[in-house]
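By written order: A, B, C, D and E. Residues from 1 in each chain.
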């Protein structure tokens, strides 16, 4: 298991407590503090546009962590994340718009409702495995979006619903920066929670279920319980991400949650690194920003050859696919692994060969 | 942080030549699900801006169109919209589909960026909910109403006319359905059947067989080319003699190309915009542009014209705004004012003339009806609306 | 026939598993390769049969020569065609294939299709149990039955050099004896050359002509099988006399305090 | 009559599903992976066929064979450049790579052929056949015939050829297969070639129905319920699954749609599949994964 | 001491195959009990029935007087039944430490909330159990490799880790399926010592499947012999060794049985 924070080097630990600390050494604590400060001060020097993009990255990262708990840690591939995002989004939309609830109440409720729906669609995991289960989650995708688009009275049907930004006291989080803070804080909580969960009893059970379910059973692990639990926890975070996204874009509609979205999330965890929290974050950033980067390239090229715009747009798709393939070929461990290598390189840097 | 709600451009956007820069953002679908019509539409928009430049541009302005392909993926559209707004500093947007236009509706309202898209959803007419959206052609609902009016006026036979509705399960597909049903009731046309047919459908036999049971005289199709072709072909296969009439995206040259002249013969549709081969005064500009590019009207189609018209209306508004506010950077609200003061803008027959007002963002309710004859669309009416 | 010179191999670019092994197997011989857990026995066999790459392993130094030809970089399927066949550790039968199909898979590179059927019957002769299970999916077989199948599959290939990795693993004692008798018989009758890795040193040395003992990726001892069987240090280490530990028919518990 | 027409419709439409599903099954059998680029493989067929027909001015049959050859090459190239590089990677990486591949191939199609819909000159007779009141379009009838032929060919192939055995062995345990002297590379290459060819055939038939346009690749995802209904590793399952889903869709369309206001045609297959999987977790014909301890 | 496990007329059929056929025996608390027999006799199947992976076609299994025939595997684990497998079933990507910690799953409590919050309850628990795990590691002499992923360990060590994982459960009944397969004489002796320690120090009841008769004879208090799913012998090592049916089916007429030397 690749762990975000555990650094396996030869330092001598005097007690188990120290051996199991998240931030072992002083220098590690300082490093994380610096990162924290950078994240929190970012809106002060980054442009509005970048703050907006990073907000999207953070939201995706929350969802990707959720999916990774299911797919990376428990080994159950899901192609239904898109729909679960939708459940989160619609729950908060209905609660805040129709029932006038505060965002701060509806956000956790969105997570909980999605968790329940996720748990429901996790029931087939009792009997299904691998790709069969994956396609069963695709069924969840199709069925949920169908229900959303047909339940007109509640969901507004295909036209969708309009939401507003959250309010604290009298302050509305309209600006990109304020919303950025909201999402980044929730992302941090998510990371902290999942890292802790995964290094304790439940997390180990997840890994056991993934690697060898029969042996796991003999270790006293109730397979069905943990499989569904993984669906529930995973969906909770996906639901939170969906709710955050909905209030960010201020609209929900069935078309927002199509299968392409599901596949993108799957790409995030795979490119980032299965079973790695850090990987989920890096993957979310990569998949969110790669098209942006490619768009810039297309723009640049178009400036010189405006007539070829169409061609370049198609090229974007081509390169996107190519990037994913090259990634898998040259770094099958995902972004998290690359990160590890870079870190290793610098740790021994002056003495590396 | 900064105030993201302000769409105002940065203070020194006027170039060294003293011209004020005005950036219009474009959201295109080129590689996505509607790329077949999205591409010529995007070309039309770009062509109009190029044409303007060719003719010396707009006095005192440095007009730019910066467009991006979102492949009909709405999350991508949201990202690109942010990019246009924050990075490119766009002050107005030329959009595309119903899904993304709806998804951005709230956002453009809070960002105060006027938004013209190729989606003619009736929702967008609601000024309170969509204060920055503008429709440059008759809404899908108005198109449907116009068809109903035509049916009532032209129906032959003793029984009152019966109607079926064929659409897909998307915001686009469902947009006009309720309005059409309401209006049908009003004018005494009986809606006997509705069928949902997927956008990607390669066969629709079960739906058509079900429809056949009700034997409607007419069927209105709200689809894109692919599904429309499927419907027409399967109807022919099953020997159904209902008169099919498509709304504007279900009409156009593509249908004939796909199903062949034979099957398409007799199919009717809304012609919201002119075909390049029609002899319209408005075509002169397009021809001029094409000549300069070494192209002919055979290289373009109706969707190109549609894009061209949308761009033209937006530029018209910018011109008015620029005249009214000669100083400082142009802002979204100013362009909205410009749009709202457009009165009976003559589009030379390329489309129905448009007018907007602060309480009316629907440029027109007028359409033409056409029919496929000998493998070609021919208009059978002039521009008219159900209110005429 | 097979000559391994100073072979070094690593896994994952960093775990050094072989540190200069040299072996020599003469045509028609049975050679036993002994050593404790993790000594590098399986790695040696994998290196010879070209299967290291599949586990992210590489030969970093040394050569492997088969019938006078260096085969370091030959692909596994080529090696099988040349006549080297490995019965892998851990059985590795094809779970979803039936017993019979597994045997056919063993004969994959053979050209004499007509003789295959006959040979399958011959395998059933060696392992009557397999005949009973002919059409069962191999994944459902018991551990020992799978081991029989794995050996049978190896024989189906009709190689010139058969590499066996712990053939007695999980096999009942009577059958172990039978299997080794059969191996010896095949060796004598058909001249098949065999390199066998075994934990059961007694039985391996009893049929072998020559033996190597490796520890920590190095050959620490070699010699005629008979001589090795007599060697004292060997019997203490690898054969397990059990004598010193016995006390009244039951092993003496280690003298140390636990919990 | 209505019921009969629905059933027949289901079968003929389902035959195309079966054909596309077959592509999935082949790849799954040899590598345990889901080829998410199958839809794009389908897409390439008709474009190539059209190019050959129009640029070389040859009859359809020649173009058809040319397309098969091209598809085989495409499959080979994909295997060489992508799949082979991932030989030792986990299955999920291979699946992800096929996802990348789908984007790459779709991009390529856009670059080469643009976005507009292209149509075949009439190849199959256009007039519908009237079989005693049941109306069938000739294209569909042809696809039905082709599917049945392929079914027979593949059944024989898997039963009696060495490659068929090797394919299953490779999917089961790659290292062990290597040790049998099976060339994993060769097996994978052949599989991808055949899968691409099958997809190409499916694409040409589809293209003859409604023209070719990049959105056609969506069929790749549409047939996923078919694949698991039949069982991921079963050839016959793919085809029967195709028929069944075709029939289910048409019956749902015919009888349930009017009750709920339509749109069930695309949802019902998933619901049915979900229910059936709860009873038969490996589809109707799929083999059960063996887990012994 | 009375029986801890009672097997009564257990049969297990797979289609036409009778893997077990009316097998009965009982195991006394605190003893070392061996199950032997030719390949495919049904030994592993019997363990699978005891640990709940297979459901007997007929018959019943009682553990400490309680009928557990219909219990789920994880419920039996909670009762104190642990198991090491014939074909190694470790979690290859996890470290030795985590593998063994997993063995303590049923003894730990932290859940979705406390685990995620970590500080407080969960961390205290982790540390507490870490100490227990270290004891097992020390017992089986696995100190040097505790942080290594088990997938890269040689076969023999993996077998030992598996035993460790089962031991971590603090089991009252431990089922060992050929724990010494693939070990040489010296290593077998070591494993035998571990088993003796389990029995004598921890007072665990041990059920052992093993083909090395030398080991079996010298370790076990009672032995059951299976052949073709049927019980063909039962009793003390001496009784079994002299049972003609057993000799015919399994031991062989002229076999010398001695520690580690069976042929």
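Keep in mind that, in the parts below, a residue touches a chain if its C-beta (ideal position, glycine included) is under 8 Å from a C-beta of that chain, and two chains touch if they have at least 3 such contacts.
Just so we're on the same page, UniProt names per chain: A, D = Branched-chain amino acid ABC transporter permease; C, E = ABC transporter ATP-binding protein.
Just so it is clear, the structure is predicted and the values come from calculations on it, not from any experiment.
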{"item": "Reaching chain C from chain B through chains that touch each other, fewest steps", "value": "2"}
{"item": "If a chain touches chain A and chain E alike, it appears here", "value": "D"}
{"item": "Inter-chain centre distance, chain A versus chain B - centres from mean C-alpha coordinates, in Å", "value": "36"}
{"item": "Inter-chain centre distance, chain C versus chain D - centres from mean C-alpha coordinates, in Å", "value": "43"}
{"item": "Mean-CA-position distance for chain E and chain D (Å)", "value": "48"}
{"item": "Touching two or more other chains - residues of chain C", "value": "140"}
{"item": "Two or more partner chains touched - positions in chain B", "value": "30-31, 39, 169"}
{"item": "Overlap residues in chain D, where contacts from two or more other chains coincide", "value": "106-107, 110, 114-115, 261, 263, 266, 291-293"}
{"item": "Set of all touching chain pairs, with the criterion as stated earlier", "value": "A-B, A-D, A-E, B-D, C-D, C-E, D-E"}
{"item": "Parts of chain E lying in touch with chain C, wherever the complex brings them together", "value": "14, 17, 37-41, 43-45, 86-87, 135, 138-139, 152-157, 178, 181-189, 192-193, 196-197, 200-202, 211-214, 217-219, 237, 250-252, 255, 258-263"}
{"item": "Of chain D, residues touching chain B in the complex", "value": "2, 5-6, 9, 13, 16, 106-107, 110, 114-117, 119, 122, 126, 128, 135, 137, 206, 209-211, 213-215, 218-219, 222, 249-254, 257-258, 261-263, 265-266"}
{"item": "Contacting residues of chain A [partner chain E, same complex]", "value": "1, 8, 16-17, 19-20, 193-194, 196-197, 199-205, 207-208, 211-212, 214-223, 229, 233"}
{"item": "Residues of chain E that touch chain A when the two form their complex", "value": "51-53, 72-74, 77-78, 82-83, 85, 89-94, 98, 101-103, 105-106, 108-112, 115-118, 122-123, 125-127, 130-131, 134, 147, 165, 169"}
{"item": "Of chain D, residues touching chain A in the complex", "value": "28, 34, 36, 82, 85-86, 89-90, 92-93, 96-97, 99-108, 110-111, 114-115, 221, 224-225, 227-228, 232, 260-261, 263, 266-267, 270-271, 273-274, 277-278, 281-283, 286, 289, 291, 293"}
